[in-house]
Amino acid sequence: MKRRVLTGSVAALALFSAGMAHADKSNDTLRVAFTKELESVDSYFNSAREGVVLQRAIWDGLIYADPQTGEYSGNLATDWTWIDDTTLELKLREGVTFHDGSPFTADDVVYTVDFVANEANGAVTQRNVNWMDHAKKVDEHTVRIITKEPFPAALEYLSGPVSIYPSDYYAEAGPTGMGLKPIGTGPYKVVSVEPGKRFVLERNENYFDGPKGQAQIGNVDIRTIPDVNTQIAELFSGQLDLIWQVPSDQAERLEQMGQFTVANESTMRVGYLAMDAAGRSDPNNPFTKLEVRQAVNHAINREELVGELLKGKSIPVHTACFPSQFGCAQDVKEYEYDPEKARELLAQAGYPDGFATEFYAYRDRELAEAITSYLNAVGIRTDFKMLQYSALRDLNMKGETPLSFQTWGSFSVNDASAMVSQYFKHGELDDARDDAVLAELDIADSSTDPEVRKEHYRTALQRIADQAYWAPMFSYNTNYVSTAEVSYTPTADEVLRFHTMTWN
Amino acid sequence: MLRFILKRLGLALLVALTVSFISFSLLFLSGDPAIAIAGESANAEDVAAIRALYGFDRPMMVQYGDWLWHALQFDFGVSYYFRLPVADLIAERLSVTMTLGVCGIVFALLIAVPLGVIAAIRPNSLIDRIALFLSVAGQAMPSFWFGLILIVIFAIQLRILPASGADTWQHFIMPTIVLGYYAMPAIMRLTRAGMLEVLSADYIRTARAKGASEGRVLFKHALRNAIIPVVSLAAVQMGFMLGGSIVVESVFALHGAGYLAWESIGRNDLPTVQALILVFALFYIVFTFLADVLNAWLDPRMRSA
Amino acid sequence: MTAFPDALEITGPTPGQQLRRRMFGHQGFMIGAVFLVLLVIIALLAPVLAPHDPYAQSLSNRMVRPVFMGGTWEHPLGTDHLGRDYLSRLIYGARVSLMIGAVAALISGTIGTALGVAAGYFGGRVDAVVTFLINVRLAMPVVLVALAVVAILGGSLSVVIGVLGLLLWDRFAVVMRASTLQIRGREFVAAARAVGCSTPRILLSEIMPNIVNNLIVVVTLEMAHAILLEAALSFLGVGVQPPTPSWGLMVSEGKNMMLFEPWLVLIPGAVLFVLVLAINLMGDGLRDVTAPENRN
């Protein structure tokens, strides 16, 4: 059956490729699919991966970080120095113009920074911008950004989520206007926006000679197609050139077909089970017992999940952070897959016949189902509840989830603080509430000495593993599938960069 | 007649009001929209700020009154997700759903009426049986499944139709078939029953006795009378269909109002969901109202109802 | 009912016998009934019939093909995306679908019948209120409201059954109201009233027996409706939750690999189709048999 489908596809492709190809290499248009309906193209008013993709195409940051090495170089700024702990002075590139022809100057930086840093303006991801207090114009091409507190990670954010908007246009159009008709300095200009549905870009012929380089492909036509099957069907029928975030099974089959290029890259997102060790949902819930939490850890077959379901560059994870992150020590207690031991531990904890518990999840139904199956096998009977993200988050904050399957992508920040410190410092999402962990993390987060930080993250992570507060399981990966005509090398930060793509 | 219309109009308004209230209270129970708006990185303070900003901390009746007052002026608020006016958003998406609905009902009528007529002329014939089976089978086929099968056959295997989107008329062929198929059985049964009844009526016998040709009897006399209830059923079915297009739109990735509704539920985008429930309800109410008026106009006996 | 059984034998078969004869003679009804009974037996005997535990996952045996597509008899209908036996899940899935259909129809039937009979019998204000309620209910887009409610409460078997039960009572109310209106004016009802029977007694022993045929027809149709709606909700991801084997959920899960392993979608969809078709055939047959003059 499959072979028939495939040979049929190939034959039909040959027959129809001439007739059905509305746009492709021949007229220099790359057709891409987004899965999610993007809420707004204004990068400060969406929190989606798709938004970051458009942001990198349409706008530029002051600084550029090489996606492979992480090294910083100048982008809209050419030079920068810390004048004091909280003042960064930047020399701006001259001769840069926005897509509407207006020149890029210090006023644009001041306006953008002042606007997004003002909480009342409601930028969606506050942590991306709330470290800045305001900006000050020194002269036409020199500007100072003043941070609220000493903020060593400033360059990371200035090369990432903070991009510069044209002051006059933004003042007039506002976020809504910017979302509908975006204007930036980036390698691509926006031709049209149908909110949530379609985005058409064309190469910016006047793009400055920056580290991103000139775009090679003339036009990019992005359509939102929520169903991955439909995306694949459109890829088959020659209506799409590139799809991404393709689930591993489908990516594997597409690769076997031989006519598509499948690339896989790991991501920083870690999947883990959170357990209510502090007894927030119920002081007597089973997860307050160490043996039960250890049993959960022993019940999960991480290797099998990675090998059979996630595949690609995913890896088993045993820490409350992604292994590549700074400070994410790997010498912690690892719980190997051992259902027998899990049952013994449950018996020791006083549950010889297991127990029933609610199990919450918000994404990856297939993985969640496989995980509950492991738990059921050792006697933890799960009442499966798949909720929308916001609904689960609501319950998490109120501490009403005894057991939940969570994931965290650390905003692609390569530092353990972006994960372990988010969850173990007694915030509303902390279900462990361990003072010893808190003390270690406080030191690690605030110290400027890398060695001190490493040491204290290690102690914290070791204690988290010993106490089995979480059951970390695996990291995620992303598949990029394109026709043979497209050449693209994906990066580990899960951002599509149109300006680095070329036709074969 | 005017009294009848006014009475029906009043009832329709009351129904619309009740539906809007029920859906508003349902969604009110759905937990805290502030968290959905705040996003993944928000902390408790952000959420509280948003709650106050949007007025979610006010009593439900106050929020409902506020919403209703604006809704009456076609202002359904701003989508939490797209940050665009809900009215604009829906207006844009409705065109796809309306196109689909009209195509669907036309398709259903084109298939169902001739089949029903033939089945009535030759009761218990093979065609009658096939028509009956089609109508029973039509009701039994899960629409999402039917749609997926069409995609596999026509978009993947044969490659003669596009699998998704709404760019050209070809894009609407499969969704139309799937959606229309469900309205077909009821229309066909009613046509058949109506024709059977009319054909046995006295005036048809008279017409036949007078020597009118069979075609003239069927179309001039019989069908004209049998079609009246079918038209009003079609209007009601149209109202149902628009509400039922969610599944079809999601299968074929048509960015219509139904798909918007489904996605908005997932995103906790309350103003959009709330407005969409009302819009779909209004469609049904308007279509049934039109059907009632049409009936009353064609058949004065019904005006007393 | 009658004191002269002998007299009846002379005049012909009892109405019950006539009904039975008509039922057995009705092709559609018989086909539907045979399939439905078969599916009910399969559902009841699921633990005996299923070759494997429907929940036992084996990630190294994912998406094994059915025997007629090159698979082995170990898994006659192959395995799903988590390596669970497809046939076993289908068999257990019959329980889920039938239970949802039956319980949802029971709930909606109770609500709808109570409202419809009350409206038909009492008329006046009661009728006006019920008619209004029916109008309101019909105006609510079922799929959309069900989606919203299940999304709020979290999907589970009981939530889905409850929501469907509370949403699908309109046809019961409409039909029961009309039927009661027809019966209300009949002599025996007037007679019972004249003798001084209480209202509940009249409703239960005079009205109900005479409209129960229509009720059964609606029950079958609404069962089918509920089963299809559950499948649609599960397909959209807000219906019955995994690992419960629901046919709609199986279609939804198989959908991911539809382009490469279409049987994952075809098999559960076909079974769902057969079940709903069987129930509909039976319902249609019943309608023909009990009220042949009303076939429409």
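Letters are used for the chains, namely A, B and C, taken in the order the chains are written, and counting of residues starts over at 1 for each.
What we mean here is this: a contact is a pair of C-beta atoms (placed from the backbone, for glycine too) under 8 Å apart; a residue touches a chain by one contact, two chains touch by 3 or more.
None of the values given here were measured: they were computed from a predicted structure.
Shown here, the protein chains touch in all possible pairs. Across the two candidate interfaces, B-C and A-C, the one carrying more C-beta contacts is B-C. The chain closest to the protein's centre is B, with centres computed as averages of CA atoms.
Centroid to centroid, with C-alpha atoms defining each point, chain A and chain B lie 39 Å apart. With centres defined as mean CA coordinates, chain C is found 23 Å away from chain B.
With each centre defined as the average position of its C-alpha atoms, the distance from chain A to chain C rounds to 45 Å. Residue positions 31, 151, 156, 250, 266 of chain B each touch two or more of the other chains.
Counting partner chains per residue, chain A shows two or more touched chains at residues 5, 229, 233, 236, 388, 391. For chain C, residues that reach two or more other chains under the stated contact definition are 151-152, 255, 258-259, 262. Touching chain A in their complex are the following residues of chain C: 55, 57, 59-60, 62-63, 69, 81-82, 151-152, 154-156, 237, 241-243, 253, 255-263. Chain B meets chain C in the complex at residues 11, 14-16, 18-19, 22-23, 26-27, 29-31, 132, 136-137, 139-145, 148-149, 151-152, 156, 189-190, 192-193, 242-244, 246-247, 250, 258, 261-262, 265-266, 273, 276-277, 280-281, 284-285, 288. Contact residues of chain C toward chain B in the complex are 28, 132, 135-136, 138-145, 147-149, 151-152, 224, 228, 231-232, 235-236, 248, 251, 255, 258-259, 262, 265-266, 269, 272-273, 276-277, 280-281, 284, 295-296.
Taken in their complex, chain A has these residues touching chain B: 5, 8-9, 12, 15-16, 20, 37, 39-40, 45, 47, 119, 124-128, 175-176, 179, 195-197, 223-227, 229-230, 233-234, 236-237, 239, 388-391, 393-394, 397, 411, 427-428. Every residue of chain B that touches chain A in the complex is listed here, in rising order: 31-33, 35-36, 39-44, 46-47, 49, 81-84, 89, 151, 155-159, 162-165, 250-253, 255, 259, 263, 266-268.
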